[in-house]
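Down below are the structures I want you to see.
Two complexes, one shared chain (subunit A), two partners (subunit B, subunit C).
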Partner chain A sequence: QENADPQKTAFLLRKQWTLYSVTPLYRFSSANLKEYARLLGAFIAAEKQKGLAVEVGVDLDIKVTFSSLPDLRGSDQDQAAMLVQLSSRSSVPQKNSEEKLMWSGWFCCVSGDDLSENVPEDFTCLPLFLANGAESYVAIVGSWFQKTFDCRFCRLAISPLNLTWMAAMWTGCKVEKNASATELVFSVPCLPQPLDISYAIHPEDAKALWDTVQKTPGEITQEEVDLFMDCLYSHFHRHFKIHLSATKLVKVSTAIASAHCDGIIKFLQSKYLIGVLMLLTELAISQIQ
Partner chain B sequence: MQRRQSSKNSKQPLQVPHSSQTDLSAWRKGGRTDPEKSLQNHQSRNSQVNESKQDSLEQAVSYFEKVQNRVSLKKSEVLQKHLATVESIALQKGLPPEVFDVLLNVALDGKLADAVNTRLLKSLIPASVIPETSVVSSVSWLCVSKCSGSIQLLFIRWLIAMFDFIDHKEQLHALYGFFFSFLQDEKMCPYVCHLLYLLTRKESVKPFRIRRLLDLQAKMGMQPHLQALLSLYKLFCPELVSITLPGKMKTYFKNSEGPWKAAINTIRQRNRENSPVSQLLFLGTAQHQSRKRKWNTQLIIPASSANVNILAEGKEKNHVDLYSTSESFPVEQLQTFSQLLQNIHHLEFPSQMGSVLTNPLLLHYMNCIKDESIYLRLYYWMGQTLQEECTWCVVDSYQYEEEFKDFLETVYKAECFLQEGFSSCEEFLYKSLPLWDGFCCRSQVLRLMTWIPLRGFSEMKSHLYDPLAQLFFTSSLYFKCSVLESLKELLQNWLNWLVIQLDSESDSQGYSLNTTLSGLVNMVAELVHFVGWISTIALRLESNATFLLYFILDFYETVCDIYLRYNLPMLIMPPPGVFYPALLSMDSVSLNQLCYIMYRYRTNLVAAKKNELIKKKILPFKFSSQTYQEYNQYLIAMVGCLWTSSAFQKDIHPQGIRLDDEVLKKTGVQEFKTGFNIVYHPAMMGYALLFLQQAWPDDNTFNFSLIKGRKWNWYLEYLYAQGLKGLKLFIESSINRVSQASQRKEGNVQV
Partner chain C sequence: HLATSLPLPSERDHLRPRIDLIAFMIDIKSKYSLKNVEASLAHVDASFFLGKVCFLVTGVGRVNYCSVETNAIWKLGEVYCSPVLYCELELEGIRVATAQRLLRMLQICSGQIPGVSALSFGSLMRNSADE
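So, the complex of A and B:
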């Protein structure tokens, strides 16, 4: 598994991405990205000024660009990732004037063979969609994709179980010294006021614990993940007399990435970008199928 | 010109209906509207004019044809008379096709005063159709602008109102650009937009026209008529223009029908069968979104709209263009079945497959096209929608139960239409049944269950039978009955499917099912056994409720007839836990139903045996002797009970009601032997009582033992007359009465 060129994917890091699953796109062609950008641009303009028609192809307030991110894939079977960006043109009619990025979203598929092997040629599998920016734009862009390629977007939540997997997997990754702490956030249920418990561990301590738990390198089992979490819980209980196993894990943040159960993710290390995307692709596919 | 037309007229005499005379007298009495009044006045003043009304229209038309100079309406009584004739006939019968040419010419050539032209245009109501040629020639008058603006406007409105009655529209389409140029006129613009809306085809949409319309939009702002035309353009050419209609809008065009409304309705009613459906506006307005819900989390079945994704094909020129943009017929315009038939070769599915659910024509089309991608698109969309919207699986969605119910209902209707289940729906049921409370969307879920396809037992057991049984045993009587009803429909759907599969298999030898016939029949049999099992337990739980028994026996009415009705080698008897409660039921309905079922079992078994004997060749299947044995045991018990009064002695079923005489004597019941025959059976005693009252009105002792001998036969006739048809069929088929004299003898009851 190759890692993406850090230069080309740097802009994806340290941003909050909201996750969606997308069913296969019908009759999508990566050869037509420019046309799609024109159509989507006109669609956005028409949506924003309901009732007024917009000619396709003219310069509009919001510029749409579609671009391919060929590095972001697990294997050759995967469709190249696709980035959609909306930027506002300044009202001053000046060439080369600064364009301000307002919203971006990207589709990707990293090792999504489970899905792509089972669909006919007419379909393109890009099951994971990540968006950054106002939700109203997700709504417009998503509607356009749904109408144009007969697909369906659904929010992709991450279950507490999957969060524990992320906690374990990311703890085990090598990072440079003085990396930020591994933090787990738990929410206490059935309280009149919401109460969150944050549990921060020094990354090296966490890794040391994980190394004692994991038997075969490169392979992780559910038992190992459970054991790892149980160790953390019992340590916490010894000090605070609180059973974290009775609460709900809502957020995991490590030096690799941070993930929230509502389906929000932040990538922090380009080195591990593909690996995280692979896990997320798997979650998206299981939601679709 | 003059000659040709007059010769045409002479060749085709105007067909004014003979009844116009009587009609005339009819409206003369009423005499309310203007044309009538004028005619009345005119007649009173010109009493000498007394011509046949049949010819009056012909005369009027030839007058208008010859009229040369401007004639004053006030001064010319002849003009008044002819105008009134046209008006009155138009209103009553409508005008025949031949006269439109002349009358349109007169109305538009500007020779007569506007008042006359207006009255003429308003009375141009067809009896059947309007010939296209006359419309086209009248349009040419607009070019020379001989007539006033208001007449032009009225003509355009007339064209819109009468659009459906024009016999052809090919030449009219050729005039598209001409009509388009009238958009400049501010007064005409709304009506011209409407006319263009009716005329627009894909090939009419051109970039320069879009630009022109956008200019108008820039000048006039948001105008509903422009919005409508532009959205139609977008529909045909989404690659050229984009527009989102605001949600609230309902009407896009001013009403053009005004002056002709009543008349049009009469014509439509008159030729209801052959008149085209009036052009409906097929604009998709933006859905009003409920503010509270997030994007994409509400249930909307997309409106069917043409595929936006057309440029993919257009771009690749080498690619064989199957979906040629100019060829394809937009789904929005698909409104009648005949349109479907005419365009089936170049019809394109809508951009969002989900929309087929609410469109029966597209469901028809889907039925014809066996394309995997169609089902896959629908599968993904429906699967996600069901998963996202399921009110008992998704937190906080209880408030949207009604929406979800409607959706499930729509899905179910589509399944019924297609006569097959959707796989996404099947998966949804498997996933959500274990979480279901049996209450939310009950009837919808149970109905969807009936379209689960035939699957192997292990799969059905874990996915359907187990979760369903849990709910079944813990829910109300009503729920139990609903489940049984659904399982009966499921069984029937499986049987129908199986029959069709077997037919198609025998048609083409190459095709064979993965599973053998016996395997498939076994899968169906598992369902019957499952129902037998839950029925037995349910009858105990509900203390043999008659209502429940009715649904159980209803299920077996299908089961008992499978061999004959579906030609499938399957015959399964009800378990004793069902048979005996029905036999000893307190209710004559259940007993009668049981009798009917036993009669059908007999008919099926006899037919099977006969077939075995006739066809000497080895049949792939044969009912096991155990089936016959089981039937015979039940039959003996039944005959012993109802007929020979020996229920407790003759019953040989291991779970039957055989009892030793010793035990029976200990009960202290006197006449235990006859206790369940057709006279004393608790379900029948009411009939026996009424029979006694009728046969011996004076006897108040209710001596049931009087019903014997000849009276027994009378009693039977009485029972049959009371509607116990099942009992009749059973007794007549299964009890061989040796002779009418020696009744109450057991005959050959065994098969």
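So, the complex of A and C:
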């Protein structure tokens, strides 16, 4: 598994991506990207005509580009990632009219053999979709894909249980000095007013704790994740007399990436991009199946 | 009788009626509730595990709120030889149906149903769950 070229994937970092799972695409071909861009552009223009304009009162042409991100995959078995970008350009021709990137969405599949091995020939598996930009564009782009490839998009939420796995896995990654703190955010249930508890741990302390828990490098078990979290919970309880285990873990932030239970992710280091995508692909696949 | 944990306070032992069924409630959204149940199980006399204990798992309606691994709960049922019931308390229909099930179990455990003992019913439930 090669690491993706950091220069090509730098634009994916430090942006907030909303996650969706996508069922396999019927009769999709990566050779037709230009044609798809043209068709989607026409679809968006038609929707605008119908009065479903996203930006009111602004005369904008929307340019659609489809491109391939061949490095973003786990193995050759995976379909290469595909990026869709919507840029706006003033429809009044101007000398220096710049194209402004309005919305990006990309499909990918990292180590998705569980899914791709079980679908018929005409289907392409790109189960994970990440979107950045106005949600109304997700709706438009999504409905074009659904019409064209008979697939279905569904928001991908991340359960507290899966967030604890991310916390453990990402804490275990080696990071340089001055890495940002590991932060866990908990939402306290059953209160008249919402209360969030933020628990920040020095990244070296967190890694030291994880290193005492993990027995086999490269392997993580549920017991190890539970033990890691239990240590953090009891430490907190000792100081504040609050049982974090009775609250809901809603967000995990480390130097590698941050994830929110509503299905929002931020990649912070290109070195670990593929690893995080592999985990997210797994979550997307289990939502589909 | 409702309690947040075991053991029950000893001061009221002499006033307490016979206990026929213990239903341990685990909220799938709270790891703490699982730990609490595990700690309380240690205070239960072994004879109760012959059909007079069950685990009631609540909050199962929303998969994405899950803080407890379902495998851990299944293992608990296996280790303590007791059935695991799943329900969603927020939905009235399921709440009522679960209450009726528990009531039925209680009737059997208290010996009110002739021909069916707590132990035989317990093993019947576990065998059908395995299928």
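Throughout what follows, the second predicted complex is superposed on the first by the 273 of 289 C-alpha atoms of A that agree within 3 Å, B and C clash if a C-alpha of one lies under 4 Å from a C-alpha of the other, contacts with A are read in each partner's own complex, and residues count from 1 in each chain.
Heads up, the rule we're going with is that a residue touches a chain if its C-beta (ideal position, glycine included) is under 8 Å from a C-beta of that chain, and two chains touch if they have at least 3 such contacts.
Quick caveat, the model's predicted, so the values are computed rather than measured.
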item	value
Partner chain(s) touched by A:189 [first = subunit B, second = subunit C, both, neither]	second
Partner chain(s) touched by A:235 [first = subunit B, second = subunit C, both, neither]	neither
Partner chain(s) touched by A:46 [first = subunit B, second = subunit C, both, neither]	first
Subunit B versus subunit C as contact partner of A:139, first or second or both or neither	first
Touched partner set for A:122, first subunit B, second subunit C, both or neither	first
Touching partner for A:161 - first (subunit B), second (subunit C), both, neither	second
Broader residue contact with subunit A after superposition on the shared chain, subunit B or subunit C	B
Residues of subunit A that lie at the interface with subunit B and also at the interface with subunit C	none
Touching residues (chain side subunit A, partner subunit B) in the complex	23-24, 26-29, 31-32, 35, 39, 42-43, 45-47, 50-56, 119-120, 122-123, 135-136, 138-139, 142-143, 146-155, 287-288
Residue ranges of subunit C touching subunit A (in the complex, touch as defined)	29-33, 35, 63-69, 71-72
Parts of subunit B lying in touch with subunit A, wherever the complex brings them together	210-211, 213-214, 217, 222, 226-227, 230-231, 233-234, 238-246, 249, 286, 294-297, 302, 305, 308-309, 311-312, 315-316, 351-353, 372-373, 376-377, 380-381, 383-385, 387-388
Subunit A residues within the subunit C interface of the complex	157-161, 164, 189, 222, 226, 229, 233, 243, 245-249, 261
